Amino acid sequence: MQLHLSTWEEVERYLETSKGIIIPIGSTEQHGPNGLIGTDAICPEVIAKAVGDETGALVGPTISIGNAQHHLGFAGSVTVRPTTLIAIIEDYVASLARNGFERFYFLNGHGGNIATIGAAFAEIYADYSLAIPGSNRPQVRCTLKNWWDTPGVQALSKELYGDRDGSHATASEVSVTQFAYPDHIKHKEMKQAGRAPRAFADADDYRKLYPDGRIGSDPTMARPEHGERLVAASAREVAEDYKKFLAQA
Amino acid sequence: MQLHLSTWEEVERYLETSKGIIIPIGSTEQHGPNGLIGTDAICPEVIAKAVGDETGALVGPTISIGNAQHHLGFAGSVTVRPTTLIAIIEDYVASLARNGFERFYFLNGHGGNIATIGAAFAEIYADYSLAIPGSNRPQVRCTLKNWWDTPGVQALSKELYGDRDGSHATASEVSVTQFAYPDHIKHKEMKQAGRAPRAFADADDYRKLYPDGRIGSDPTMARPEHGERLVAASAREVAEDYKKFLAQA
Amino acid sequence: MQLHLSTWEEVERYLETSKGIIIPIGSTEQHGPNGLIGTDAICPEVIAKAVGDETGALVGPTISIGNAQHHLGFAGSVTVRPTTLIAIIEDYVASLARNGFERFYFLNGHGGNIATIGAAFAEIYADYSLAIPGSNRPQVRCTLKNWWDTPGVQALSKELYGDRDGSHATASEVSVTQFAYPDHIKHKEMKQAGRAPRAFADADDYRKLYPDGRIGSDPTMARPEHGERLVAASAREVAEDYKKFLAQA
Amino acid sequence: MQLHLSTWEEVERYLETSKGIIIPIGSTEQHGPNGLIGTDAICPEVIAKAVGDETGALVGPTISIGNAQHHLGFAGSVTVRPTTLIAIIEDYVASLARNGFERFYFLNGHGGNIATIGAAFAEIYADYSLAIPGSNRPQVRCTLKNWWDTPGVQALSKELYGDRDGSHATASEVSVTQFAYPDHIKHKEMKQAGRAPRAFADADDYRKLYPDGRIGSDPTMARPEHGERLVAASAREVAEDYKKFLAQA
Amino acid sequence: MQLHLSTWEEVERYLETSKGIIIPIGSTEQHGPNGLIGTDAICPEVIAKAVGDETGALVGPTISIGNAQHHLGFAGSVTVRPTTLIAIIEDYVASLARNGFERFYFLNGHGGNIATIGAAFAEIYADYSLAIPGSNRPQVRCTLKNWWDTPGVQALSKELYGDRDGSHATASEVSVTQFAYPDHIKHKEMKQAGRAPRAFADADDYRKLYPDGRIGSDPTMARPEHGERLVAASAREVAEDYKKFLAQA
Amino acid sequence: MQLHLSTWEEVERYLETSKGIIIPIGSTEQHGPNGLIGTDAICPEVIAKAVGDETGALVGPTISIGNAQHHLGFAGSVTVRPTTLIAIIEDYVASLARNGFERFYFLNGHGGNIATIGAAFAEIYADYSLAIPGSNRPQVRCTLKNWWDTPGVQALSKELYGDRDGSHATASEVSVTQFAYPDHIKHKEMKQAGRAPRAFADADDYRKLYPDGRIGSDPTMARPEHGERLVAASAREVAEDYKKFLAQA
């Protein structure tokens, strides 16, 4: 069940049986010569939809712009500052909490968001923690899950790409977008990208280390049919994880 | 050309011939008993894509959550605060300006966003205006267009719905979403909604004035084939308007 | 009744019969070769005083600096950023709401403030809308009225200046300031200003389009006696509008 | 020379001979049973005008709402938060610095503003101090002067009121407002107010300590002719101080 | 009793008999050729500890970075912006208020912090003052004491250094750090520093006026045994002052 | 070399040979029945000092209050909000970058800080990444290291405590504080703490899950002599890591 394709009366009925929601969160940033700029938003959106179809969970609109400051050396990348992203997540959660949602499951598509999402959760909780005891506001709980961070997806990545999947503009994520948007598959020759011996800092630094944008990946191996299998694997495990999250005491 | 479905190299080539981008901006809020919560994001997204197809303009990812504080009395509505929305727009524009974009055309789907988008433009310009003269940073220009605010769309609305189109959860916008998502057409009986004799204030006030969420509309008149015509009418006129914006000295 | 010329005990008594207040809001910015920099604050201040005299309404201190970023290319112009103006309006309203005011009528003198004032209202309402239902805080209602935006003022402008009133540094507003400050009438020859074929952006852009600061106006036509009539016309209609605002259910 | 009663061309000419400006800053807050709520804004505004008349200095529009949180227990008081006031001062100074002003002389009417004005100056300077050396932005200098804090005013207060002048809603400041607004003199019997043995905290605390709003004062002694002498004494000394400020190397 | 060396159960027991806490607040900034960069944090930390030992008061962790923007022309100086310092103080107080603390005694070591600390107190109080009456949140009270601003310390300074103590990098404060860190006494020849005839502004301005960082001081006179006496004198008087603060009705 | 115990001239000389600094960052929060509230600040402070002694690295003043919102259910815990902590880190880095520091090594003592520190780094980098290319500001690089996250410390923890070290109020960290403050060793009987089957959210939630504050630990096993070994092991490995960080191209 997708929030943007539902009516408010349908959501009201949903709340009678569940207080949970899945929120895809991604980024809009370069993904190398054959990767879509929307890759990190597309992947969690597609997988969240699959999880929603399987479990009946409500899926909120995707936060499609994340923390991508380090990719700004490449045309078309868009970032929000971490403090902006914190504000977005706070408002999103507060809006839904106002009408009874209590469990917020963020399905993430971008490693660069992880720290800021954690900070946002702490900022939200701090509002509760700093309140004088005795407030009767229902507590919210937030959790973060990276779509690729499940045993099944990891095994499949290994099986399909060995050590050529990489860490940015990966064969896996490019496959997922090829499955999701088969009309937008880009063909481009390239060798497996290298890895810098150190962490990157800002956008100029990133581009110096990774001239075509990729980190360690060979996305020429990507295939739409891989994408289909990756989505299925991730959705299955994320669905289990989401159900456990709702079932927590 | 959609940014999220392009590669950075494609965007780099696009910048050789155009400094402009169209950015759909909407809201995630109740749209009455048969309107989708995502209506205000769906409409500009669909129309912007049509404009992009027609003109070759690049279309950025949709800002799908806007200023919807007044709809929070209805389950599923999501808002960001105006100051959050200002920050989002600032970061979005600054990111693209960094790599050479200069003309930002926001195609808007939600009346409640208009004031805040105007404030955001002024906040962006103020950064330039407060700088000491002599900075060599290229100027950016931003403009706002509401998808429904064209002669053709207005005429079509009149033709199709007479005085029953209304101002929120309108027959027109519901038609556009029915055209865009024919599998999510909701059937629900209802009479034309009334209009309060005064402006609404916060969410409780809005719900008191408009108990099922609609303002003055009869969205049972919506039809997907109307949506198709409305999208075409809007896209045609928006495309002309966008081209004029780019052509400005 | 002017707030700054009253005692707190007088305000306490006022609150026994009215929860409303009129707040003039303007700007401090260039108004062409013969217009005062304070024009946009002077006009609503003078008219609000007249309305207060006529209706007994309390008039708060004028917010005399507004969003004037686009005028910073001319010496003496002062702006606050939109986010600063939002904070000012929020604090102003919250202060008076604390002691029982509920209806806030902003009488505006500057077109460039309209968007940001709207955003500020939404920011204020959002605090209420995001609160968990059941809070017993009395609701506030805010409204915006531009002093020139009444049938009588529009008719008078037409009668006095035909199509030479313009949109910035207008003959009308210069007349109001001549009536208010007869010792500060500036004499300066100039022709009617032109109009650019497009919207302005930041301060450099504005100055390029409008070299002496005016937009489309011929303020050599201004006369103090026009000002007197304009103030009277506006005050009469604003007073009616204010009374309706208070009378709303 | 008053900024709001000048044209931009007049200000441009002024800048050829002076980079300085005087900015009155006050507050809108209760001043006891016979003191005007606008007292703290009126006093520096009147005195700044006198200084301007005497020295030719440009006087900017008054910041009439200050930090008055502790007076919110009395109807009609209005505060901005300290962080809002810092933003106002930053934007005001940056606007004028953009066009060549370099020396900002804040003439203050409210003890409760002093700390926040100091913090605002540090916030402004921090922007310069944190910049990498080599920026060619001209430095600004800001200073604060309380209108009552001159030998002549202190002597006159002693002469006129002995130890009955007090610290809030003082006979001195009420006299100044009676001189400035002779039609708004309030007659009210009361005894000299007491003094609490400790500092006040928030608004409830202040009202508990000072039930009618005054601190240690007997404003029944106020007379408009005292006001005239106080304005003259302050203006003379402030003018000297301002000239020294401009003359600093 | 030092907070950082206590357990939560010890603090819980402490709260049964006292609602007060002492919070040292300083700065990290150049202190001339023989003064430690940590001087302004070390002094209140050492004295607060002595007060805690004497009175049983709880002493919180030192806020060791303050408003030092004007010292950034000298290597090793660190500042937080005033708005950052306000946020730190707000969060610190709110955290402890949450568990029952009500009286916050800030022992300050840096003149440049005074304005911002005052603004922070007003910001904290404003949250209470702007709340609708009837909230049952216990009020907090905050006070500021400069460690050097007691009769005993002033007398001792006079006795030890006559008019050579100065205002920055003073002989007194250097003595206190020599007492606290006898292994870090720096030996350096220099003459008494001069005093500029005007206030400093930003970091470049400060360095131009005070080339080695000192203001009017001769810290070659500093001795650890002076430091011991200064700490004792300050601690004795601060302890009395703190007890009075707690005893306030 | 400790920044707070150095003079600015010493720092200036240091900068001739190194652009790096180590900044301890911790928290002030409950650490169970026998753990000090300052534990998370003490550990990195002590270890950073050892690293500085060994390598000659400059060590900045400890950020001793971190993100501890989840511990506010226990008396004496103090938090700053994540957005406040981001501002602190930004200002700290910008201050030192102003004078030539380029490499910032944060040695962290608190798991709850990790996300926010990562967000702060991204916020800092975003300032660089959003700048128009061609700025000549030297880049900064920041890195985060948790003091316990080294092979040697992990091995020692295993050797000393087996599976009884836990994750909060650990035997390891209590040992380090016992070594650092032998006069403040707390004796308290308790059993090994349990572990909740899910993540905690806000302060009330944390306390419900962990009634005495510990997570999975048996800090009765802590000994000062363990602390000595842990500090040595961590310092050795952190020193290597820091040297690599400086040596990066």
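Order of writing sets the labels: A, B, C, D, E and F. Residues in every chain begin at 1.
Here, a contact is a pair of C-beta atoms (placed from the backbone, for glycine too) under 8 Å apart; a residue touches a chain by one contact, two chains touch by 3 or more.
This structure is a prediction, so every number in the text was calculated from the model and none was measured.
Chain pair with the larger contact count among B-D and A-F is A-F, by C-beta pairs in contact.
Interface equivalence for C-D, evaluated over E-F, D-E or B-F, points to E-F, where over half of the contact pairs coincide by residue number. Shared residue numbers account for under half of those found at the interface formed by chain A and chain E, and the copies are therefore classed as meeting with different residues.
Of all chains, the one whose CA centroid is most distant from that of chain C is F. Each chain's centre was taken as the mean of its CA atoms, and the one lying most distant from chain D is A.
Distance between chain C and chain E, defined via averaged C-alpha coordinates, is recorded as 46 Å. Chain D and chain F have Cα centroids lying 46 Å from one another. Mean C-alpha position of chain C lies 53 Å from that of chain F. Shown for chain F are the residues that touch two or more other chains, namely 72, 79, 81, 83, 91, 95, 98, 129-130, 133, 203.
Chain contact topology: the protein chains form a pattern that is neither a line, a ring, a star nor a complete graph. Every pair of chains in contact is given here: A-B, A-C, A-E, A-F, B-C, B-D, B-F, C-D, C-E, D-E, D-F, E-F. Interface residues of chain E facing chain F in the complex, by the touch rule stated above, are 2-12, 14-15, 28, 30-38, 41-42, 60-62, 64-65, 68, 72, 74-81, 83-84, 87-88, 91-92, 95-96, 98-100, 181, 184, 186, 188, 203, 213.
Of all residues in chain E, only 91, 94-95, 97-98, 137-138 touch chain A in the complex they form. By the touch rule above, chain F contacts chain B in their complex via residues 129-133. Chain C makes touch with chain B in their complex at residues 67, 69-70, 72-73, 79, 81-83, 86, 112, 114-123, 125-126, 128-130, 133, 139-143, 197-199, 201-205, 248-249.
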